[in-house]
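In what follows, a structure is listed as structure tokens, so that the remarks can point back to it.
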Amino acid sequence: MSRRTSAKANRGRMNAGLLAGGALVALVVLTALVSFFWTPHDPTLVDAAGKLREPGGGYLLGADKFGRDTFSQLMVGARTTLYVGVVAVGIAAALGVPLGMAAGMTPRGWLSELIMRVNDLVFAFPALLLAVMLGAVYGAGTLTAMIAIGVATVPAFARVARAATLQVMVTDYILAARAAGRRRGAIALRHVLPNIGSMLIVQASVSFAIAILAEAALSFLGFGTRPPTPSWGRMLQESQELLFSTPRLALWPGIAIALAVLGFNLLGDGLRDFLDPKLRRIRAER
Amino acid sequence: MLSVEGLTVRADATDLVHDVSFAIAPGERVGLIGESGSGKSLTALSLMGLLPEGVTAAGRARLGERDLVGVPESRIKGLRGDELSMVFQEPMTALNPLMRIGAQVTEVMTLHGRSRQEARARSAELLERVRLPEPAQIARAYPHQLSGGQRQRVMLAIALANEPRLLICDEPTTALDVTVQKQMLELIAEVAPALLFITHDLAVVASVCERVLVMYGGRVVESGPIREVFTRPRHRYTQGLLAASKLTPRGTRLPVIEGGVPAAGRFPGGCVFRNRCPHATPECETPPALTGDGHAFACWHPAD
Amino acid sequence: MILYLLKRLAVLLASTAVAAVAVFAFMAVLPGDPAEIALGVNATPDAVAELRKQFGTDRPAVAQFLDWAGGLLQGDFGTSYVTSSPIGPQIGDRLGVTLVLVLGGMVVALVLAVPLGTFAAVRHRDPLGAAISAASQLGIAIPAFLAGILLVFVFAVQAQALPSGGYVPIAESPGEWLRSLLLPWLSLGLVQGAVLTRYVRSAVLDVMREDYLRTARAKGRGSTGALWRHGLRNASIPVVTVLGLQLATLLIGAVVVERVFVIPGLGDLLLNGVAGRDLLLVQGVVMVLVAAVLLINFVVDVTYHLLDPRLR
Amino acid sequence: MRRIGIWIAAGGLLLATAACGGGSGNGSAGTGGTPKAQSLSVGFVAEPANLDFTSTEGAAIPQALLVNVYEGLVKLDQNGEIVPLLAEKWDVSPDRKTYTFTLRENVKFSGGAPFTADDVTFSLDRVKSDWKLKIKSQLDVIDKVEKKDDSTAVVTLKRPSNGFLYSMATRLGAMFSRTGVADLANKPVGTGPYVLSSWRRGDSIQLAANPSYWGTKPPLGAITLKYFKDATAMNNALLTGGIDVISSVQAPESLQQFADPGRFETVEGTTNGEVVLSMNNGRPPFDDKAVRQAVRHAIDHKALLDTAWAGRGQLIGSMTAPTDPWYEDRTGDYPYDPAKAKQLLGGKTYNVKMRIPNLPYAVNSAQVVKSQLAQVGINAEIEPLEFPARWLDQVFTKGDYDLSIINHVEPRDMGIFADKSYYFRYDNPEFGKLLAAADEGTEQEQTDDLKQAAKLLSDDAAADWLFLFPNLIVAKKGVTGLPKNAIAESFDFTALAKQ
């Protein structure tokens, strides 16, 4: 009784988080989409006359030291943010989910043991380390950053996929499917994947948030998005020297990053409670 | 000894238990039956002061001279585990997985003033009393090393540790194997001082209790001595319940109660059973009172 | 338990060995010949060949690996091609600084997160509990370096109360050492504390819904007492996982804070090594980092076993 | 609730510690509490990997050690004149091939050994035998070095060279002790006013006054060179008293922070650093002179300097610095004229790679260059490469680039355009001839020839010269003796003092 009551109460409250998260994420996505067709100004156009232009007069948030419109940069920066997140999470999911499922479907086999050990090993190479090393080999840039973040996130996906698969594997319908002699691959695709999907979505949104932060940190270290492509992380980095005289230049990308991360985190939390309370215990990994 | 008057439990604006009154005399064994969602567990939890967050109880419940409802936790917690104990439905999760059994048993005694040494000695006795083999070994074990039946015995030992005046059991055998169930019930019947026994299983009530309360929709719809209520149910719900339980394994279809139990707050006004009752009339839109001495019921159209 | 420990230890050693191979292989793929780099852009081929011989980089990869790995076993990381000084002591110094930074930051995080997270869970229906949750969500969303820059701005530049950066060894002046670390600890601790608060809250909430907590209350404990005696240890299990994860990522992740506060830590050494193509140094640092993460995993697993009898 | 109280108490403790410390910590570099002579702490950007500038490239080592720890026979003063240092004087033979240096008496190395003509022959011979830098070829012109007596050394050249004495003022002329070269990477031994006292890798180098220095004792007892990778961190350090001097401002927009004349003083001088927009003359499209010229016309240098480097620095137009005797303002050669640029491109558009080092000035300038080139139809993709390793490898060594931006800090370095294998891949024999003639000719001939050479470079659009890197120093008020111009390799601490 107690569990039911509180879970219900919880779900009602979490919906607020889910809505807020969804709204923030939608805002980022929408901004990015609009930026393909329209921005107030060319975000990369250097205009010496408009250096550090104050907000107003068509420049909603003013301009940076290159005279580039901050608002336009923020809009296109949303694109970069999503791009980094989608590719990094995509890589992590594409590699991590099959591995985690394979490990979960053969819990006592050598395959499972091997996968999880390799997983631990990859986990020992944090995103930042990979990014720095890949940057040294192939040159810093958005792609190397995304690959590094993606690969470093594989273990998180593999673990969640494995844990969720283990839970699903003991349910009646899987037992029935196995008893009916269904092939493993078919079971994985038809039965396991749809049932662990909700947890993976949760993991995806949490990883997305982390990817955004990682991109910002890499930009700060000079291993992130290449100039002049607008990126919130690089905007923040570039505005550092003007932090005292023109704080708004750091303020806006800072807010953008914080809201996007907040959005994806809230979305992840909200989805976890909303989609499948049964699997609530498998927590998304950072 | 225990008297409950006008107990009402609500979450937000919804009454989950409405105006429930009953009493238990020393040594008496009372059953509380009903389907899930009938409010029987909440009734028990409100007596213990263990209602979940956001759920509050009003009305009056006294154990001896002590109020149980509407008092702050600091006042009631001294009674819990001492004069008033409870065994829960799910033995697998009711014990702390990280603590040894012995420590969990002694805890309830040291909490209520016994010395550590005394408690330790007594816990061995208690484990023996609930018929656990090799109590010393069990005391050193962790919960996961025990079977469900064994764990429920441990829970019983904990409940009995301070010789409570009243033991509340909430579906204590539901999660157990049938063979284990029987032993457990015998044990409870043997060791319980006064007992409030909650179950949905009529047969179980019949084997353990002397008197029974039937709950539906958060209300007591019928109460009385087991023999009378079970042989001559008056409330239409009780009647249905009994009929349903008499399904034989080979099962010719006997009348079953139509429809399902509504969700909390979705019960109709008036007689809460009227939307499922084949005998309902417009009269039933007025709430019937629980009337009758000894064998009481709340129904406008009672069975004979 | 002993058996488990031995088994887990074997896994640790094996994975460290595999990691050593992986790290070496990765570095071998890195373009750039140490000898060419050391000699600059217009070096003569003869000089390069001679230096290669001197460095030992003209030998087969397997021999080089065995040499390097053999040295590692004795704590010898080799001598840098670029700085001509032994690498081991350098890594040791930097690792010490980073450990002080990271562990201090984690202490701040714990001091913040355990009470706040527990409070937020216990009072999750109160505005104050919700406010703590919201604050922790916001804290997670702020990039660590931004937090650091803002702290510098407030405490160092405006208030002139603490140094804006730099690291003073404890041997030189314990007071200055503490002062130089307060802001870095705080900026790591705030951000990691926000993350941790969220996990503590969620772990405590989960535990609060456990039946055994109700049992404890039925025994006569108040809700606080029950949580204290029966809840926290259970709640600590998922929190230990997160702690391990945070520690593991921070060893290198702290580089951002090291940059902001000009602290000569391990991450800084790594970036310098990469920029200066000090390959052997980079190899050593990466090896240490990877081994440290594996060690942290080991400790977390063993802690699990200590905390949770079900795993034994 | 209880636990929250503890947290607040902990927070209070933190503030209390901060406050107590505040009093003692403001004494700038005074790291210890010992009452030694005054000290200063100076912020630098690049930390040396080791201290051996005979085998390691880069500006960081000579910047810290030359003149301060190591001395040469001569040095370059603030006006670019060559003045005596360890040599009291020198005589040049009429054929300008023999230099006779008269050495100062009573000069000792920090190890205690006396400095004699033997050390001169040792040091100069060692350049040929042991140095591993490519710039050592500058002394290939030396035929032989001889000791005449303990205080006289004679250098004979193969041919007359104007560059010889100048090179002697750089690190190439640094005097080493015969007994002090065992561990150059860690233990420098020189005759200078300072000696290395400690080095905390990744953090700082400490120099202490040399008690047995032969010349005027430096006013300061100790100098800390503190290294910052991050420009903002360096600014903050000065703002909070962590350092006394920023040796080179890397974020010129932030100078406003130091505007308060009651607290700070900003020194703006000049350097030898030409920030060059290099174009790969060796492959399309920049093997085409018209395209290179278009680039020069397409760039609004004034706007670039204003946005990329806060308007600090100077527009030059060719490969010479105003402190060179042969400097001429060549900014008028290619005025900003996008229409002309388009015309030169003949309506064609180009996609090119701009591979730049990941340094602030380059990253800033590149974004402006890209934007301006886009206006005339050249789409430059910026690719920041990690400096130095990756940039050196890809651009400098392999020449795999179309455009790049780098500050050529070496003094009087027009000669790099004479080397057709240099990454510019510029090949004009006439230019080489001019340079050779300049080195052998008289001083006047040298000036004339180099003026011509600079003009030739500009006309050919061998590269574009974005601006001359400014020497921006910010110091706490009261710090004196700051070198206004950074035209030598070293940051000269000898006059640095605090009032």
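Residue numbering begins at 1 within each chain, and the chains themselves are lettered A, B, C and D in the order written.
The working rule: a residue touches a chain if its C-beta (ideal position, glycine included) is under 8 Å from a C-beta of that chain, and two chains touch if they have at least 3 such contacts.
As the structure is a computational prediction, the values presented were derived from the model and not from experiment.
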A-C or B-C - the one linked by more C-beta pairs in contact: A-C
Chain separated most widely from chain C, comparing mean CA positions: B
Inter-centroid spacing, chain C versus chain B (mean Cα positions, whole Å): 52
Averaged-CA centre spacing for the pair chain D and chain B, given as whole angstrom: 87
Between chain A and chain C, centroid-to-centroid distance (C-alpha), Å: 22
Whole-Å gap separating chain A and chain B, where each centre is the average of the chain's CA atoms: 49
For chain A, residues that touch 2 or more chains besides their own: 2, 6, 135-136, 240, 243-244
Contacts with two or more other chains, residues of chain D listed in rising order: 232, 386, 389
Multi-chain contact sites of chain B, meaning residues that touch two or more partners: 53-54
Residues of chain A defined as touching chain C within the complex: 2-3, 6, 117, 120-121, 123-129, 132-133, 135-137, 209, 213, 216-217, 220-221, 233, 236, 240, 243-244, 250, 254, 257-262, 265-266, 281, 283, 285-286
Touching residues on chain A, where the partner in the complex is chain D: 44-46, 48, 51, 65-67, 135-136, 139-141, 222, 226-228, 240-245
Of all residues in chain C, those that touch chain A in their complex: 11, 15, 18-19, 22, 26, 29-31, 137-138, 140-146, 149, 153, 157, 195, 199, 202, 206, 209, 214, 238, 242, 245-246, 248-249, 251-253, 255-256, 259, 267, 270-271, 274, 282, 286, 289-290, 293-294, 297
In the complex with chain A, residue positions of chain D that touch it: 231-232, 235, 251-254, 256-257, 300, 302-304, 306-308, 310, 358, 363-364, 366-368, 370-372, 382-386, 389-390
In the complex, chain B residues that touch chain C: 48, 50, 53-54, 73-74, 77-82, 85-86, 88, 90, 93-99, 107-108, 111-112, 142, 144, 155, 158-159
